[in-house]
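Two complexes come next, and they have one chain in common, subunit A, joined by subunit B in the first and subunit C in the second.
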Partner chain A sequence: MGRLRYTISRLLQAIPVILGVITITFLLTDAIPGDPVSIMLGPSPSAQQAAAIRAKFGLDQPLHIRYLNYLVDVIQLDLGTSLYYQVPVTEKIAERLPITLYLLLSSFTFALLTAVPLGIISAKRRNTATDHVSRVVALFGVSTPSFWIGLMLIIVFSYWLGYFPATNLILPWTSPSQIDGASTQVDVIVKSIHHLILPTITLGTLQMAAFTRIERSSMLEVLGEEYVKLARAYGVSERTILRKHAFRNAQLPLITLVGLQLTSALGGAVLTETVFSINGMGRLIITAIQNQDFQLVMGTTLVFGLVFVIGVIVTDLSYAYVDPRVSFEDSE
Partner chain B sequence: MAETSTRTEADDAGPEQPEARVGWRYTLTQVRRDPTALAGLVLIAFMTVVALIGFVDGVVFDFLSEYAVFADMGVRQYWLAETVWVNPATDPANARILRPPVGLTNPYYPNEPGTMAHPLGTDHRGRDILARLFYGTRIAITVGIVSTGIAMFLGTFVGAVAGYYGGWIDDALMRGSETLYAIPFLVLVIAFMTAFGRNLTYAMIGVGIATIPTFARLIRSRVLSVREEDYVEAARAAGVRDRNIIMRHVIPNSFAPVLVQATLQVGVNILIIAGLSFLGYGAQPPTPSWGQMLNNSRDYMLPNPWFSIWPGIAILITVVGFNLVGDGLRDALDPRINN
Partner chain C sequence: MSKQEKTFHSKLNRRRLLQGLGGAGIAGLAGCSGGGGGDATTEAEETTEGQQTTESQETTTESGGPSGRLRIALVKSPIEFDPIVLNDVPSTQVVDRVVEGLYGYDESTGVVPQLAAGEPEISNEGTRYVVEIHEDATFSNGDPVTASDVKYSYEAPVDEQTENASELNMVDTVSVVDEKTVQFDLKYPFAAFKNTLAWYVVPESVREEDKQAFNTGGNLVGSGPFTFEEWQEGQYALVAADEDYWGEPMPNVAEVEFVPVEEATTRVTTLKNGENDIIEEIPPKQYPTVRSISDASIQEVPGIGYFYAAFNCKEGPTADSRVREAIDYAFSMDQAVQNYVEPTGIRQYSPFPASIAEDWEFPVDEWKQIPNDKDIDQTKSLFDEAGVPDDYSFKVIVPPDDKREQIGITISNGIKEAGWDASVQRLDWGAFLDKYVSGSEDDYNIYTLGWSGTPDPDAFTYYLFGRDDATLGVTNGTYYGNNSENGKRVSEKFIEARETPDREQRRQLYIEATTTLLEDRAHLPAYNLKNSFGVKDYVSDFHPHPVDSFHLSTGHNNVSVNKQ
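What follows is the complex of A and B.
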C-alpha cells in the first residue's frame, strides 16, 4: 500500500473513534444535572425567556434529535455557540488551542531532547553510575505528580530565586506593542520562551521519564541483536555501531509511545495550565464543565480527541521515515 | 505463525496448572532477588501500614496533637474540621496556622517555630499536616487499588471477549476502547463526575472506566495468541462452552502481563486521582486527600512552602513503590529483558 492510501485508510479508521468521542461526550454532558438555561439567566428566569433560550439552542428537542442535529452541525464544522461566553465554540477554541499546542510542542521537544540522549547513554553504560542515575531520574519522573513539580518549581525558581515568572504566559505571536519592554518580535519570542520554561518542565517531565525508560530498554534490546554483535566482531567502532546500526532501529517503540503519550499530555496540560494560570484548552474545558456550557464541553473534548487521533496517525506515518523497511500494510 | 506464538506462550507462563505454579514460585524468587523490587515492596508495605493507622481514629491524634487545646473537640473534628480556630489577622500572638515543621520558623509568623506536637507543621486551618497525610494515605491506596481493580476486571472481560470472538465484536469493542483512550483521562473523569457525583466513589469508578483500554488491549493481544493453543483447540473440540474456555483457559493464561500492568496502574491511578483532587474533583473537604492538600497549599506557597512539599513527597513515595514492584515483576516474568 502506498503512503497516500495508508494515510487515507488511517483517517477513515479514525472516523468511528471521533464518532465515539462525540457520542460519549454528548451523553455525558446530557447526564450532567442542572439546567444550563438557569445558569445563563440566573436563578429565576421568566418562563418566556427560558423557553426562548431553549428554542434558540435547540434544548427543547428530545435527546436523539439533538444528537443528530449536533452531528450534522459538526460535519459542517459548526460546534455551536458557547452558552457562557456567548460566542461560537470554534472561535473560543481557535483562541485557546494554539496556546495549548504551544505548550505541548515545547514540552515534547524538551522531553525528546533530554530523553533520547539519556536513554542511549544509560543503555550504553549499563549498570554504571550514569545508568543508575538516569534510571532513578526516570523512575521519579514517572512517579511524581506533574502539578506538584510545577508547584515546587514556582516556589524555588519564582518565589525564592526569582529567575522565572510563575504566571502571565506571553505568547510568541503577540504584538510587541502589547508587551512591556519589548520593541521587536524577537524580544517577544525571547520573553515567551522565558515564561514557558517552568510550564514546559512541569508538563514534560513525565514524558521525559517515560521516553527515557523506553529508549533505554529498546536500545538495550537492539544492542543485543546479532547484527550488532557481528558489527562489533568486525571491529566497527562502538560510536559507529550506536549511530549507524543501533540508533534508528531502536526508535520505533519510542515513536509509538510519543503518539500514545499525547492523551496523558493533554490531561497533564489541564493541570499545568491550572498551576501556571495559562488560559489554554485545559482550563477552558474545566470552566466549561463547571459552567455546564454543554456546547463548549463537547467542542473542546472533540478537539482533544482530534488532536490525539491526528497525533497517532502522524506517528504511525513517521515510522517510514525512521525505518524504510516499514511497509504500510494493514497489520491486524 | 501459529508455531511461533505457541512457543512464546509456553515460554512465558506454561499452559498447564502445575507448570504455572512453578512459574509463580519462580517469579517470586526472582522478585525476592531483585533489590529494587524489594525496596518497592517495603515502600508499599510502609504506606499500607500508614494507611491502616489512618483507619484507627485517635491513635495518630494522641501522638501528634496538643490535647489540652483541643480537648473540647472530638478527635475527628480536629483532623477534619473546616473551622479556623485562630485567626492570625486578629490574634497574631496566638496564630498557629501554617506552622512550619519541627525546628524551623515561619517568616510570616516568627513567633511560631515548629514543635514536636506537629512534626510536619500545620495547614492554613491549623490542622496537623502529618495527621492529614496519614488519612490521605488511606484514601490514595484505597482509590488506587479499587480503581485499578475496576479497570482490570472490566478490561480483562472486554479484551478477552474481543480477542476470543474476533470479527465485528472485536472491532466494536476495540473501537470503543480507542474512543475512551482518545479522551484525556482527566477530562473524561471530570465530565463523568460532574454528571454522576462529585465524590471519591465516582472518582474511582470514573478512573476505572477511563483506564479500561489499557487492560483491554493488553489482554486482547495475549488472547489472540492463547486462542491458537492446542489445549484451547482441544477444549473447543470437546464441546466446552465458549464462556468456560474464556474463563478457565484463556484468561488464566493471559494473566501474568495483566498483573504487571495492574501493579504499575495502581501508581498511575494514584497520580490521576491526585490530579483530580487537585482540581477539586476528588475527596470533598473536610476529608483530606493529598491532591486536595496540594490544592489548598497553592495560596500559601510563599508563607509556608512546606505545606506544598509534604503531600507531593507522600504521592511520590507511594507511586515509586508501585512502579518498583511492577518493574520487578515484569523483569521476573520476561526473561528477555532480565538477562
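What follows is the complex of A and C.
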C-alpha cells in the first residue's frame, strides 16, 4: 500500500514539473526570432495566405490566450496540429516514440551489460593495467560526442568493411511480409538487431562510460566497508564477498544514475537518429525546430519531459527492490 | 502591382529562397576513401536487407516490361503529395513521376508539350493562351484528362489559398473551350507564362472526393508514367511503373523508392555499400570519396539557382555605390568560390544561371570583367572618399549554410584588412527571413542569399530588384530599386521586360538593366550549385536536370537498373 501511495504522490509531484516544462518551452519557443509562416510559405506569401495560416493555427492570438488555449488542450491530451506536417502532433509522436524507446532500451541494455562487469573488474583490480584500460575507455566514452562515434562506426563498419547497414532501421514488430528475405518474426528480429548494432553502440557508449565510472567508484567504496573487511577476516572468498555482500549494495548509485542519464540519452538520440536516418523522436524534434513548428516543438519537449519524469519515478521505486533499508513509509 | 499579383511559377524549387541547398554534412568522408571493400556489388547484396530493400533489384529483364527497383536517397523526406498544396522539394521529386503538366522541360530548360498536343496559341498581346490537350491523355485511373481538370488544377491553389496560390496569381480566368481545349486569360502580359504552363494537372473528381487521401498518397492519381504506391513518412515513398501509361516511353524500371538520408556521410556510405543506387547532393568535401567508389560515378548539371552577396542600399554606408565598390575591392569572389564552393558549384557573374544566360545569349564575357580584383588600397581610398567613419562596424548576415557563411566571412575579413571593423552573424532561417528585408542599417549592411526559379530571366530579376509592393522589402532586401535613379531605372526595365512579349526586346532590357546593376554593385554575384548525384554504374540513362532535379522516364531518357 505504501508503495502505491508513494507512486501516486510522486506522480502528483510531477504535475508542477510538467507544467513548468510546458510554460518554459512555450515562452522559449515564442521568443525564437523569426516567423514560422515565413518559413512555411517561403519568402513572399500574400497577406491573405499568411493571415489564413495564422488563423488556422491560432498564431494571430495574443501570447497569453495561446498559452491558456494550449494548457486546456494539453489537459484533453490534444497537443495541437503540426504546422509542418499538418497532422495532429499526437499522431506524429505516437508514430515516432516507440522507435526512440526501442533505441533507448537497446542502448541502456548495452551500457549496463558492459559497464557493470567493467566497473566491478576495474574496482577489483584497482591500479592494475585492466583498471587503467577500463578508466581510459570510460573517459573516452564520456568525452566523445555521440555523432562522431556514429560517423566513425559508419565509416569503419559500413563504408570500409560493409558489415552493417548505415540506415534503414527495422523494427522487431514489423510484419515479415514487409521485409525482404524475412519469412518469420524471428527473421525480422534478427535483421532488426543487425540494423540496431551500430546505433546502439553510438548511443550507448556515453551511458556505458558514465555507468562504468560510477560502478567502479561505488564498488570501491563498498569493498572498503567494515562488513566487507569482516567477511574477509572470516575467510569468505572474494567471489562470495563480491556476489553476496558488495554487488547489491554498490548498485544504488548506479540506479540513480540510470534515471538521470535518460536526459543525456534523449539528447544523444537526436544525434544518433540523424546520423543513422532513424525515424524517431530525435529527428522529429530537429525537424520541428528547423521549421519553427511551435506545436511540434512543444509536444515533443513535453513528451521528453514526461519520459524523464517517469524514468526518475521508476528509479526511485526500484530502490526498494535493491535495498531493503529503503522504506516508502519512511519517505512519506 | 498588388501583392496578389506576384508570381512564383516554378514547378520545382518553389521555395525560391534557396534554403535547403548547400548544406554540408556533419563530417566528411574525405580522406577515408579507398579503404577496404572488395566487390561493392557483392557487399551490397550481403549487407542491405532493410525494409523495401535492394534484394528485389534484379536485372532488367529482356522481356520488355518494366523491372527492377531503383532506390534514390534524398536529403529530406517528402511530407505531402497533393500538387495543389505541396511546397517542398522532396515531395516534388516524388510527385513529378506521377503527375504531369500541360508542358514539361526537355533535357535542358526548353519547354515541351506533355499533356498538351502542341504549342499554345498566344493572342491578345500576350494575355491569352489557348492550349489543346492531347487526345489520348488519360489519368492512371483510366479517366481522360479534360479541359475541366486543367481549369480546376489552376484555380484550386488560389481558391483554397494554398501555399502555391501566389505562383498562379497572374492568371485572370481559365475557361473551358471544349473538352480538350483550355483558354488562359492573364491579368497582364506575362512573358514567362509558358513556364507556368508546366503546372500540374490533377483529376478534379478524384481530388474532390477525398483531398486528405489525395495529399497523403492514398488516392493520388496523375497522368504520369508512374503510379503512387506507398509512403511511410520519414522512411520511404514508393512509386511503380504504370503499365497503362498513355504516353511514351513506358518506364524501364518497375519501381522507384525514395529514401530520406539527411546526413551526407551516411548518404555516401549507402551508395558505397549498395543500400541506395543513387544519392543526391554531394557536399564538396565528399567529391573525392564518391569518385573513389569503384562502381559509381558523379553525374551533375548546374541547377537553376543564383547565390550572391547583396548590399543594404537603403541605410548606412552601403547605400553609397562607392562603398559597395570598395567592398568589391576588399576580397576576391573568384577565390572564395574556388575555396568554398567548387566542385559542387560554379562561379556565376550575373543573376542568371548559365543555362539561361546561354539560352538568351547574354553578354556573360562582358559581365565577367565587372568584378574588381582584390586591391585593399582601393578599398581604403574609396571608404575615405565616401566618408565611412573609421570606427564604423559593418554587419554581414548569413543564413544557416556553410558556403554562404564562408562568403560572408571572406567579405568581412577583407573589410577588416582595410582597417574597418566587420562582423558576420549566422542566423536561423526564421530570424534571417525577418531581418534581410528590413532595410535597417542596425540589422545588416550586407547579406548572402540564394534564389531559384523557372528558367526565365524574369525569375531572377523582378523579385530581387523590383521596387513595387510585392518585392521591395518582401523579396528585395537591397532596396536598390528605391535607392537611386539607376536603381529605379533598372527596376522599371525589369518590370517592363516581364510584360513584353517580344523576346528580343526583353533581351535588350535585361542586358541594359543587368549591366547597370552589376556596375552599381547592388549585388555581387557569387556562384550557382550543381544538381549532383552519385550513381551506381548498373543504373543507366539517369538524367540530372537543371530545373526538375532529375528525369527518370521521359522523351529523352529512360532509366534502368541492370544489377547483376
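Keep this in mind: the second predicted complex is superposed on the first by the 313 of 332 C-alpha atoms of A that agree within 3 Å, B and C clash if a C-alpha of one lies under 4 Å from a C-alpha of the other, contacts with A are read in each partner's own complex, and residues count from 1 in each chain.
Here is the rule we use: a residue touches a chain if its C-beta (ideal position, glycine included) is under 8 Å from a C-beta of that chain, and two chains touch if they have at least 3 such contacts.
Please read these numbers as outputs of a predicted model, since none were measured by experiment.
Chemist: On the A-aligned overlay, A:I214 touches which partner chain: subunit B = first, subunit C = second, or both, or neither?
Modeler: So A:I214 meets neither subunit B nor subunit C here.
Chemist: Under the stated touch criterion, which partner chain does A:A231 make contact with: subunit B (first), subunit C (second), both, or neither?
Modeler: neither
Chemist: Quick one: is A:Y159 in contact with subunit B, with subunit C, with both, or with neither? Answer first, second, both or neither.
Modeler: After superposition on chain A, A:Y159 lies in contact with both partners, subunit B and subunit C.
Chemist: A:I120 contacts which: subunit B (first), subunit C (second), both, neither?
Modeler: Neither partner.
Chemist: Quick check for you: in the superposed arrangement, does A:I170 touch first (subunit B), second (subunit C), both or neither?
Modeler: The second partner, subunit C, only.
Chemist: When the two structures are overlaid on chain A, which partner does A:I32 contact: first (subunit B), second (subunit C), both, or neither?
Modeler: both
Chemist: For A:N279, is the partner it touches subunit B (first), subunit C (second), both, or none of the two (neither)?
Modeler: second
Chemist: Based on the superposed arrangement, let me know which partner A:G20 touches: subunit B (first), subunit C (second), both, or neither?
Modeler: It touches subunit B, and subunit C stays clear.
Chemist: Between subunit B (first) and subunit C (second), which, if any, makes contact with A:W148: first, second, both or neither?
Modeler: Both partners, subunit B and subunit C.
Chemist: Using the superposition described at the top, list the residues of subunit A that contact subunit B and also contact subunit C.
Modeler: In subunit A, positions 32-33, 147-148, 151, 154-155, 159, 274-275, 290, 292 sit in both the subunit B and subunit C interfaces.
Chemist: Given the complex with subunit A, which residues does subunit B contribute to the contact?
Modeler: Listed in rising order, the residues are 175-176, 178-188, 190-192, 194-196, 267, 271-272, 274-275, 278-279, 291, 294, 297-298, 301-302, 305, 308-309, 311-312, 315-316, 319-320, 323-324, 336-337, 339.
Chemist: Quick one: which bits of subunit A touch subunit C in the complex? Just the residue numbers, please.
Modeler: 32-36, 38-49, 52, 84-86, 95-96, 147-148, 151, 154-155, 158-170, 174, 178-182, 191, 194-195, 274-277, 279, 283, 290, 292
Chemist: Quick check on the complex: what are the subunit C residues that touch subunit A?
Modeler: Listed in rising order, the residues are 3-4, 6, 8, 14-17, 26-27, 29, 32, 35-38, 40, 43-44, 46-53, 55-56, 79-80, 87, 161-163, 165-166, 169, 233-235, 259-263, 265-266, 268-270, 272-273, 275, 427-434, 463, 470-471, 474-475.
Chemist: Mind listing the subunit A positions that touch subunit B in their complex?
Modeler: Touch residues, subunit A against subunit B: 16-18, 20-21, 23-25, 28-29, 31-33, 139-140, 142-148, 151-152, 154-155, 159, 217, 220-221, 224, 263-264, 266-267, 270-271, 274-275, 285-286, 289-290, 292, 297, 301, 304-305, 308-309.
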